[in-house]
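Each structure below appears as structure tokens.
Two complexes are shown next, each including chain A; its partner changes from chain B in the first to chain C in the second.
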Partner chain A sequence: MERTKEFRHIGKATPRKEGRQIVTGAVKYIDDLTLPGMLYGKVLRSPHAHALINKIDTTKAERAAGVKAVLTHENAPDWKFGIPRVVALLDKKVRYAGDAVAIVAAESEELALAALELIEVEYEPLKAVYDIDEATAEGAPDLYEEFPGNLLPTQSIAFGPNTLKEVVLGDVERGFAEADLIYEANTSYDNIPNPLPIEPPGVIARWDSPNELTVWSASQSVSWHRFMMMGKMGFPEIRSIGTQCGGSFGSKNHSPQPFFYAAALAKATGAPVKMLYSKEEHFGAFVLRLGSRFTGKIGLKRDGTVTAIEGEWLVDTGAFSDQAQTQIAVGLGELQLVIRCQNWRVIPKVICTNRAPSGIVRGFGGQELESSILPVFMEAISKEGLDPVDFLKNNFVKPGEGYLWREGNWWVCRGQDYAKAVEEGAKAFGWDEKWKGWLTPSSTDGHKRRGIGVGVHGNADVGEDESEAYVRLTPDGGAVIHANVAESGMGQRSSLIKMVAETLNLPLEKVTMTEPDTMVAPFEFGLTGSRGTWAVGTAVITAAEDALKKLHELAAPRLGVKAEELESENGIIRVKGSDAAQISWRKVIGVFHTVTGHGFFEPDFSMPNFMMLFVEVEVDTGTGQVTLERVVAATDAGRIIDPPSLDGQIYGALGAAGLDTAIFEETVIDKRTGRNLNMNMIDYKWRTFEELPVFDNVILENPLPSHRFGAIGIGEISTSPGPAAVLMAVSNAIGTRLSSYPLAPEKILAAVKSAGEVK
Partner chain B sequence: MSSKPTKWVSLTINGDNREFAIGGRAGELPPSETLADTLRERLGLTGTKVGCDRGSCCSCTVLINGAPSLSCMTLTVECDGASVITIEGLPDPLTGALDPLQQAFIDHTAYQCGFCTPGMIMAAKALLTANPSPAESEIKSALGGHYCRCISHYHVIDAVADAAGRKS
Partner chain C sequence: MRYFSHQNVATASDGVKSAIECEGKSCFIAGGTDLLGILKDDLLPSYPEKVINIKTIEGLGNVEGREGGARIGALAKLSALERDPTIIELFPALAESAASVATPEIRNAATLGGNLCQDTRCWYYRYPHHMGGRMDCPRKGSGPCHAVLGDNRYHSVIGGKRCFAPCPSDTAIALAALGATVEVIGADGERSLPVEDLYSPMGNTLRGGEILTNVDIPAQPKGSVQGFKKFTVRKPIDFAIVSVGARITALEGKVSEARIFIGGVAPGPYRDEGVENYLRRKPLDSQSIATASKKALLKAKPLSMNAYKIDIARSLIAELLEELTR
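What follows is the complex of A and B.
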């Protein structure tokens, strides 16, 4: 990759394509859409965490004003989801406080809500289990007949027949024999926070014929509502259309429950139905992070070489998850990127409990596993006085080293050594000056004590899954990208437009993209992980190159040269290095034609991305308050496509159930009632403008062998290094090792107290 | 705002006079209707976003008589005689020219998903009207209750400060 080449658009801060629509309120989110004759769906939810529905009477609700349909487990379609597929659209059993009991469609939201009050239900409450220990105890009640002991199968075929369900490599007995230090681990990251995008999930469904369903949704990956839902519904034809998405962080890749409810009610009524969750439902019945616990042991040599990792990774899905096994597969891969070890025996278990369901959350398994297990490694190396930055830098996967990835194949890293990014980040943070050793504050001021910590994460998902795109050249010197790409905040649509404009050498305003719609664009997996830049980017770039090649082939005879001798700029084709012979796109294409190129991306897991977060906290040992003072994120993006968009993605470490899950984010369940106690935006804590740390991004640009711009995505991963880094920083500040999240004031005060007089 | 019982509620929204009959019959405005619903459902002004519908995310912020106000926590019947400005009311109605704040948000990419943006712009508009040269701490305070999960905060602070500079 030529470093000196000046790009026309790439690397420059350019306005988001829909910027004017955003700042004028014109951009349309799902709740801004109203279809003619549209009805509104609402859900009756269970007050019990675990109960049988012995009787349900909907007669009064059906007769209520404006009510068009009432569905229960007795008359709802037989659609199921989950891995394996056992979770019914509506069931005769409820499995968490907030589980769906009945759904109603009415002419207005108010009428639908009023009708819910008229449904009479007789519950038979059952004993409930709220955490991993209760769910797996002898004699625990089973949530599902199919899963005795509340254990779900770990095997799935989500990523093919060899989908990763464990990491068993080398010889752990030998690894422990070689170890100087062996550490027992029983550590959790189980505060099950909520990714909580500002916009609640919503779906509008309309049946155009008995077998043709159109859905509009706020989605991060619009095609999921086609290809992931068809098989669950007896293969109707589904057209999925995306609106602007008001934040997702994984949780709105798809929305299977609201989707099912809207589609079922639309089928029952013959009218379009909007199902928009309230914020309470968003808190209590949509998507929480998985609970996670690692129990086992690790072996190390005194120099920090890891010789063996053995244990169970216990994953708590809540009442269900249709993505737990996929997150396990990816999380197991991610840990191998972060810790180099020859000998592994890590066996996951998937456990269901009577709390609201888990689903996809940014971090996708890796954040959960690493936040559970990295503190154990940190405790081990602290005993040897090793520096954590050196340890994490040395252990992160290097070019030529391999790992098992989600589909079960062995991949060898052909990316880069991120040591330089680590060093630049440490320098910007002042790590060497501030690091005073383990369990030692970097500075103290009376009862205020500062501490520093570090965490790391990487993901090979930058090259996951398939993408296709068309680029259609228009005679006016413009281009339309047909790609099924949503906008959920990453600015990816605008960045893809930049890549195509750069490839075609057009002004940005001459390139547009179709709205996300599975009818309009070819297959696109979606904006999962950090795949937008490389995977989707490759599809649109190669489509643009293909279109340009076809155009030049049409132009070549007109200019009497070979196509390879031509170049194009601003809709004019000319012989390279000469202004003498040129011809416009309009003349070549013709006013009543277009030229279309087709581009692809096939999965490639050989180039993991990387991020290290350095954090500094101040702990008030009098109040137990933890204040995040400073964050430095260090990474290498290969090449930056759009600086502000990338910065924004990295700042996202502070949101989306990320770094702050170590400090104050958690879902609180009352075990006496099974109810969620903080289902509102006052009681669920979130970071405000007045609590922002100083946040600096150190982003290197050493081009990678990805595509013509040498870039890979890093957007998703900024949340994941945070929790373990904060745990370390707070432990160092107060001089006592802390090992559970979140670090609420009472926990700090108790630790300070039990440690006696703080030095 | 008048608190006396009234059969009609009259207010201006983005400079247009609006009058609604209060009542429960078809087409009438129920006393329980929030300003957010009147704007979004009744008038199609969907630029005002409802995030939590409980007054705790500030995404529904509009200006009522110049003051930043939560439209999801305000009943429309309370707004008799008031002047309401929404995000749709910020550009010049004749030329379509954006308010300097809107332009600064574009220039700084001061949004990610954009859902919280209209509310933030309205709150920042009130700030800059009252305080044309706010300190960074004053910008943070004025936007303190605005929830943004994407973390656009750093870019928003730059945009508001930049807009203040452009005006002065």
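What follows is the complex of A and C.
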């Protein structure tokens, strides 16, 4: 791997800025935080998947020891979730087993839990629907009166008035007429895995006045608890403060349910309230991945040129959606990056069902769509015997080609051709040696058979949304970054500090960053997608440059030169190329002053990132066990800011509702009761450290026109190519096409059996 | 977790006495790795008023060699069993089964007695109360078995009655293959029973207040080989989807006795006489193994989603017997 040598910090493996505090337990998570007079909130949850609450009596609970407030749909604030915003904080209707019925604030968690037992509820159970087919069947019960047929509007204004709700481009009839092969299929990626960061979501809310709310939370993007929640609550002033965040994988960008419950109970009691979800609530009442099904047809020429794509993308969002439409908009964009085609008609539908809601999960629409549509393309090209690596390499968007992005605009790629990364990845993996053709194992040893597969993903979100930052230079030759950036495991705070230290030519230890707090730092959208490196990076770099410029302007008259002639190192300013004239920051700034620069980033969707995963599996045809043996990730980051952090992000392909959703990660919903059956880490299969495959990263560094370091983020995207790649690998290993996830032993054994004696 | 009182007892009979005084409103704790989860998730309709700590009982944590066999105290840690030289030498099947349980952290706390007596892993039974209310079932005293018409991928394929949860214990499978017995003390004194008889479809057969105190493994027959194998989705942590414990005794190149017990498929260790009978008087070779393993679970009546366990059991038996020929 190429590593950069011309930089002081960039590209070097430096200790994670907050690493020591994290591993010694010094950092404070939401569970560690207690405010004076704080109460504890708990939620009474529904036994029914779909029911009306005919009567609810909270008298006994209200009188119970230590109980300070009990809220139900009868007395809760009129705050609403959802796109569109119709889902009440607490409703007269429950829509999944585990849905909130009432919330209680008490002096301890135990007292709150005990009070829940005293709430008497009369339910009128209704017929429930658990999947896309049931929800859209004739006569299916509606979850919402507002949405007959359980169809939510696909149009939203999340990304402006033209938010992408479909891809209709060119002329699909002509496209199919030009095709040599038309392939029709219906593939689902509907095992609704849970991203499951270690720390469950939690929020502490405190009303400082009737219209001023302060919230502490474990969030990936702390500002969301201000700007996204204000509008849902009648625009109170909200100050959002981030605690150390024990992982997120997208799911804890914000935590609307615990937020609302804590804020409502804090309002009712006049005291701060902590609402920390249990692991069971984290499993069963927070965020699942969207269910996804592509049903339609594609047209191809013999050489693998895609001539037309037409079909419906059915998206199952569970009981409600706060983010389905936004994920659809981004997913539709991402598919255009992956497949080059002139003629499109892909129309999504958003369907609600009686299970816990879907929300944000790493992969954000693209993983869902690609995991259900790429297998269709793969089956089609297998008919022509085409190599999947070549097909995916050729189809990925090239500079000069365009695509519709989430806000509805047409963007032309000014990034790079990632063909080189594909080739290097394939070489490292040994693709050419291992590839024996479709539905053919790479090797066989008795009933153990190996197969290989490949998947791809790209995202233009590296330049999404707005960022602002201040960099404040201090007279002691240090710098403080005011940026509202949380640490949710990726190390981005540390990497941003590196970028500023590099820009200011300071030692790393002289640069610090404020804790995430919307009152302390200017607007920052947050660490969504892979935007940290370019978008947030640009804001802090330009803030540092602005500050340095101001400093040099102050210093210039003292040294008798122009500001442009100056440079700075370790808090000393000197004339470039000369050691003769120099002056310290302290003298220039003055002990009782600081110098502050302001930096910005504006959205730019013209530079997609890229990730290809090559996987090798071993399948035991006697037991149906699938073992992931090897993964090679291939990408180009422009420039690597921090090698271990980047490697870590890519290894994150495993776990967190990523690649392993093809092997064993899934949420199991009982179709008779709607109960979530695997709300624990035994029955929910997360890969353990004992079973890590050999995992190599091939990361090229061809600088991109982003910011002064030429880097773009790729942190988010390693999960997405995984499921389709594994599906291909296992199919090749056993010689039978598989088309649903996850590949549990029973599925493998059934496939092996139905294929007859395995050759 | 709700409040309860906690009592240390010094002898097994004190434990029994204390439990009987509580009239069913108590439970025993040893390693606690199973019990604490049950209490935290508030699974059961009744919650113990008292938790009786039996870890404080002296002398129940040892492994003693006895005339080629062994007596193992119920408080012996699984981590100790997987490392104990006597167990490794004489009863490798038990050492393997102990090592296959959960994770090192859990094995450092979990006891042999607890592994044998742990409650079912049925995911309906284990549904956490705080997520909409516990799910009642025959094992809890009322209601239907949800697994019969529900998601029964992990349930029993044979021997279920009213409840279809399989025995979750790995050590029970190995111990059954070794012909071990368990010693139990209760209000009426001590009794001992074969490990496989500790289980019924509705849970273990311990009577109110009884404590499992010791496990006795007899000396193994001359010329016998033994082994244990477990199939899980993930290699560590998971409970067995299927496991197999086997002891094969050969005389002059032919099988004189076979003990084959299958785990994960029945309420207790399932003794597969079909496989055993086929092997008897045959040489243990690839041919006999291939045929014998196909005779496993011929009497199974799988539920809607778990017939695959039969295939896995057959593959596992074949793999294990092949290993025993080496």
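In this text, the second predicted complex is superposed on the first by the 754 of 759 C-alpha atoms of A that agree within 3 Å, B and C clash if a C-alpha of one lies under 4 Å from a C-alpha of the other, contacts with A are read in each partner's own complex, and residues count from 1 in each chain.
Simple rule for what comes next: contacts are C-beta pairs under 8 Å (C-beta built on N, C-alpha and C of every residue); 3 or more make two chains touch, one makes a residue touch a chain.
Bear in mind the structure is a predicted one, so any value in this text is a computation, not a measurement.
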Next on the checklist: One more residue to check, A:Leu113. First (chain B), second (chain C), both or neither?
Outcome noted: second
Checklist entry - In the superposed arrangement, does A:Arg414 touch chain B (first), chain C (second), both or neither? => result neither
Checklist entry - Given the touch rule stated above, what does A:Ser278 touch, chain B (first), chain C (second), both, or neither? => result both
Checklist entry - Looking at the overlay, what does A:Lys28 touch: chain B (first), chain C (second), both, or neither? => result first
Checklist entry - For A:Gly624, is the partner it touches chain B (first), chain C (second), both, or none of the two (neither)? => result second
Checklist entry - Touching A:Ile682 in the superposition: chain B (first), chain C (second), both, neither? => result both
Checklist entry - Taking the superposition as given, does A:Met490 touch the first partner, chain B, the second, chain C, both, or neither? => result first
Next on the checklist: Output check: A:Arg16 vs chain B and chain C. Expected answer is one of first, second, both, neither. What do you get?
Outcome noted: first
Checklist entry - Given the touch rule stated above, what does A:Asp670 touch, chain B (first), chain C (second), both, or neither? => result second
Item to check | chain B and chain C footprints on chain A, overlapping residues | outcome: 278, 680-682, 688, 690
Checklist outcome for this item: Within the complex, chain C is touched by chain A residues 42, 45-48, 97-98, 110, 113-114, 116, 278, 280-281, 284-285, 447, 620, 622-625, 664, 668, 670-673, 675-683, 685, 687-688, 690-691, 744-746, 749-750, 753
Checklist entry - How about chain C: which of its residues touch chain A in the complex? => result 1-3, 37, 41, 121, 123-124, 126-128, 130-133, 135, 146, 149-151, 153, 231, 233-239, 241, 305-306, 308, 311-312, 315-316, 318-319
Checklist entry - Residues of chain B touching chain A in their complex? => result 40, 45-54, 56-57, 59, 86-88, 90-91, 98, 102-103, 105-109, 111-118, 121, 139-141, 143-157
Checklist outcome for this item: Contacts from chain A onto chain B in the complex sit at residues 13, 15-16, 18-20, 22-29, 31-32, 195-200, 244-249, 278-279, 487-491, 642, 644-645, 647-649, 651-656, 680-682, 686, 688-690, 692, 695
